[in-house]
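Take a look at this one; I'll ask things after.
The first chain written gets the first letter, and so on, giving A, B and C; residue counts start at 1 in each chain.
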């Protein structure tokens, strides 16, 4: 319990730190939302009036405190670009990113665990070498460039899949098609990383005493393998959590490549529009998910792995 | 097999460094000189990767871009290693409260989604090579810190270090003479891993428009340029990306190679 | 699954979804820029007006030939002293069901003038002293001085008529447009698409199509691909390199017509050497404007002064500078420009064509011995530090949008402090004041001619030209057009065969 409290405490600290860094980073940027809204070719001196209307003429510490007091009351503020509550904007964008991240996570975890385990059981074979080559290349893969290649191949050359964005008409099936390439783009480097870790863990668990005992008692190969993989999985949890938690920021680039209107696009747009409340809102969500997922993986790992419980 | 990989990786890495250094002189084109009569040229014998919107040779720009990208990646790695490594050792040599403060601070940094941190810092500092080095260096420091701290802690318990201390040697001297050499190899492995990641991060940030700005080429902004040519001139995207992939792979493979030879506990880059 | 079977299945899926997208009743247009807001009174972005045109109407509008035509106002008259304008209004209703009448015009003009609105064009309406609803369908504007440009102002996107009730209740027009327009907003997903639905009660008759989907795709190659596969009906950005592809495709029709833009490299005339008109002429002579247009903007027509190509306001004796390196070098020598002169060029991201043009200019100035340091800055930084604030730049590259009357483009260039290039003197200020208030077309033609001649002789810009607006439509699309000078989309007459 104390351990849990300490972890939660340090997560809270991280959270405050992150939001402060984000705020200061945006304040440090030249230009503000007012000059962007006043725009170009539209008469001069207008930005001062807009600045006043948006409260941007107040000193930043005052706005910083106002943001926190708003947050404590459950209010994320109003977008400086869209004149709408940040919470509703973020909630509008969330499904796109959540679907993309979810799909990518399912792909990467399935592929990562299967490939890793497969390679471990055939350690030293051609299959193992192949999987290891895949992980080495996957880890070095520039994500957005891999997206280009998939686009070129499947959306242009073969024209099997749609080129960009989401289907304006909606629909589950059409949306899935639009999300397929981006999800694969996100999944490959992550699958590579997971395969690498799972392979090492399974190799390790095969060496462990209980498994060798089971073998000497004549247990079947299939069951043993399952046991070995199951025993190895808790060890992979931190990585899986890291991947899941990090997917929210990982989508930034991929949304850009495939023109998807998710949180990543909102973040990039928010930064260039100097829309501080929106960037704070997206960061809050990204960091919140990141921290909560990591916390949960911590707890889950303790629950699953007796060795950690003993310690 | 292991040697073959290390050998290949060394060869690829050397080739890339060499090409980035002298390549732009070997090719008859200037990375910045436009050729208006020859825009969007497809790949040919004269232009192996074709030309871009200004008629500039994409291969020349890729090689010149390697110079920027490799330098930025290397400097960022050095910053992360020096910052994280020094503080990691200090946390063990110095007073106990220092360890507590540094540990807490770096834990907090480590819990920050890394890419978001780099993105925000790079944006706040205004983009360009130096801000990128600072942003990536700071974001990479926690992992170096954690590793250096752990290594320093176990080194302090090593027999020959304790013996030297018992014989009355001054503590900093003991560290430099007896503990540090054993720490260098794992730190180098971690640094290699970071370098590989930084190459990808620089490219990604430049692609997003917050990294290295045009007209100075880097792997990232050459690829950003290529996005607009994707359907017309795919080689402009495929070529530089493959070079970047080869660079990131070779550095990572070299780091893996050292690690396996070193046969120390696994410090995975995650 | 066998590869062949897989491929067949996928092809089937694709065919299925394609038919789902291109239902015969909806027009799909792909374009690169999304609006910043849908409140027509507070924006200055062409991309915003391209959309607001479908939701709102103005009293008068620009016809296909560039002349001003009736819209919500069926007829108008001006008193002899030019101080009283009277408009007769048509019968129409707003999307919320309320009837359009004179009070809406009054409320709209008052909203445009109010400080609280913060309209970028408030100054253009300042000349209107009073707006009075004379009857339900008659409105009268009393002016402080004659304003020959008033009709042009009322035809521009800024003058969209909003319902008075909604103005009074401080409605969020930025996200939920309510006008009399031919379309209503169905859904706007920023960074992705906007869906418009036909307004069956439109006063000029309901549109032929059920609706319009506008999708935002920055990449011109992707736009073209979408057009060719039928995913889109109209693509608004066709790159020069792709022209042959479009021309060869029997399913596509290419439209090339002049836009209203004046593309320039702006020179900060407050800076050393740039304050010398000879140096600024030399820079114009060093740059080959046709090459800049071809390489960066997909082709266009060169200009020699601050007015879009083909404008009737440009005097016949003002020609583009052309390229003359020797003359340029001679002028630079004469002005005593040192050999190591280095210019600071700020280019706005994410406008790739301006960044490309800047690099071409950098290269060309190198040929006359001028070094240029290129610095790419974000749009927000450009607005607050180059265009506004400290005006920290020597050279920048930008396009000035088209205006229906020269007042719109030129006002502000009489006073150095009122424009970012620091251009202007008492002569120009006087000419501009005359053009603003003299109703005689011949006098206006003469004074604006003088201004444009001065802007050629002592150029505060390196003039490039007016780019072609090049877009492609699928053969089955009929009746799509873009308004001259304002470059707005007009979907009202579109039909799909």
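The definition used in the following text is that a contact is a pair of C-beta atoms (placed from the backbone, for glycine too) under 8 Å apart; a residue touches a chain by one contact, two chains touch by 3 or more.
Since the structure is predicted, the reported quantities are computational estimates derived from the model, not experimental observations.
Enquirer: Compute the centre of every chain as the mean of its C-alpha atoms, then state which one is farthest from the centre of chain B.
Expert: Taking each chain's C-alpha mean as its centre, the farthest from chain B is C.
Enquirer: Between B-C and A-C, name the chain pair that shares the greater number of C-beta pairs in contact.
Expert: The comparison resolves to A-C.
Enquirer: On a C-alpha centroid basis, what's the spacing between chain A and chain B, in Å?
Expert: Result: the chain centres lie 22 Å from each other.
Enquirer: Measuring centre to centre with CA averages, how many angstrom lie between chain B and chain C?
Expert: Computed value for the inter-centroid distance: 44 Å.
Enquirer: What whole-Å value do you get for the distance between chain A and chain C if each is reduced to the mean of its CA atoms?
Expert: That gives a centre separation of 39 Å.
Enquirer: Two-or-more-chain contact residues of chain C, please, as numbers and ranges.
Expert: Where chain C meets two or more other chains at a single residue, that happens at 219, 222, 225, 350, 378.
Enquirer: Provide the list of chain A residues touching at least two other chains, using ranges where the numbers run on.
Expert: In chain A, residues 29-30, 156 touch at least two other chains, as defined above.
Enquirer: If a residue has to touch 2 or more other chains to count, which residues of chain B qualify?
Expert: Correct list: 227, 230-231.
Enquirer: Using the touch rule from the top, collect the residues of chain C that touch chain B in their complex.
Expert: Going through chain C, the ones touching chain B are 219-222, 224-225, 239, 241-242, 291, 294-296, 349-350, 352, 355-356, 359-360, 362-363, 374-376, 378.
Enquirer: What does chain C use to touch chain A in their complex?
Expert: 7, 10-11, 13-14, 17, 20-21, 28, 36-37, 42-45, 115-116, 118, 120-123, 172, 174-175, 189-193, 195, 213, 215-219, 222, 225-226, 229, 231, 350, 378-385, 387-389, 398, 400-401, 412, 418-420
Enquirer: State the interface residues of chain B toward chain C in the complex, per the touch definition above.
Expert: 33-34, 36, 39-40, 53-55, 209, 213-215, 227-232
Enquirer: Where on chain B is chain A touching in the complex?
Expert: 1, 104, 107-108, 111-117, 119-121, 123-126, 196, 200, 203-204, 207-208, 210, 223, 226-227, 230-231, 234, 237-238, 241, 244-245, 248-249, 252-253, 256, 266, 268, 270
Enquirer: Which residues of chain A touch chain B in their complex?
Expert: It comes out as residues 10-11, 13-14, 17-18, 21-22, 24-26, 28-30, 129, 136-137, 139-145, 148-149, 151-152, 156, 193, 196-197, 200, 238-239, 242, 245-246, 248-250, 252-253, 256-257, 268, 271, 283, 286-287, 290-291, 294.
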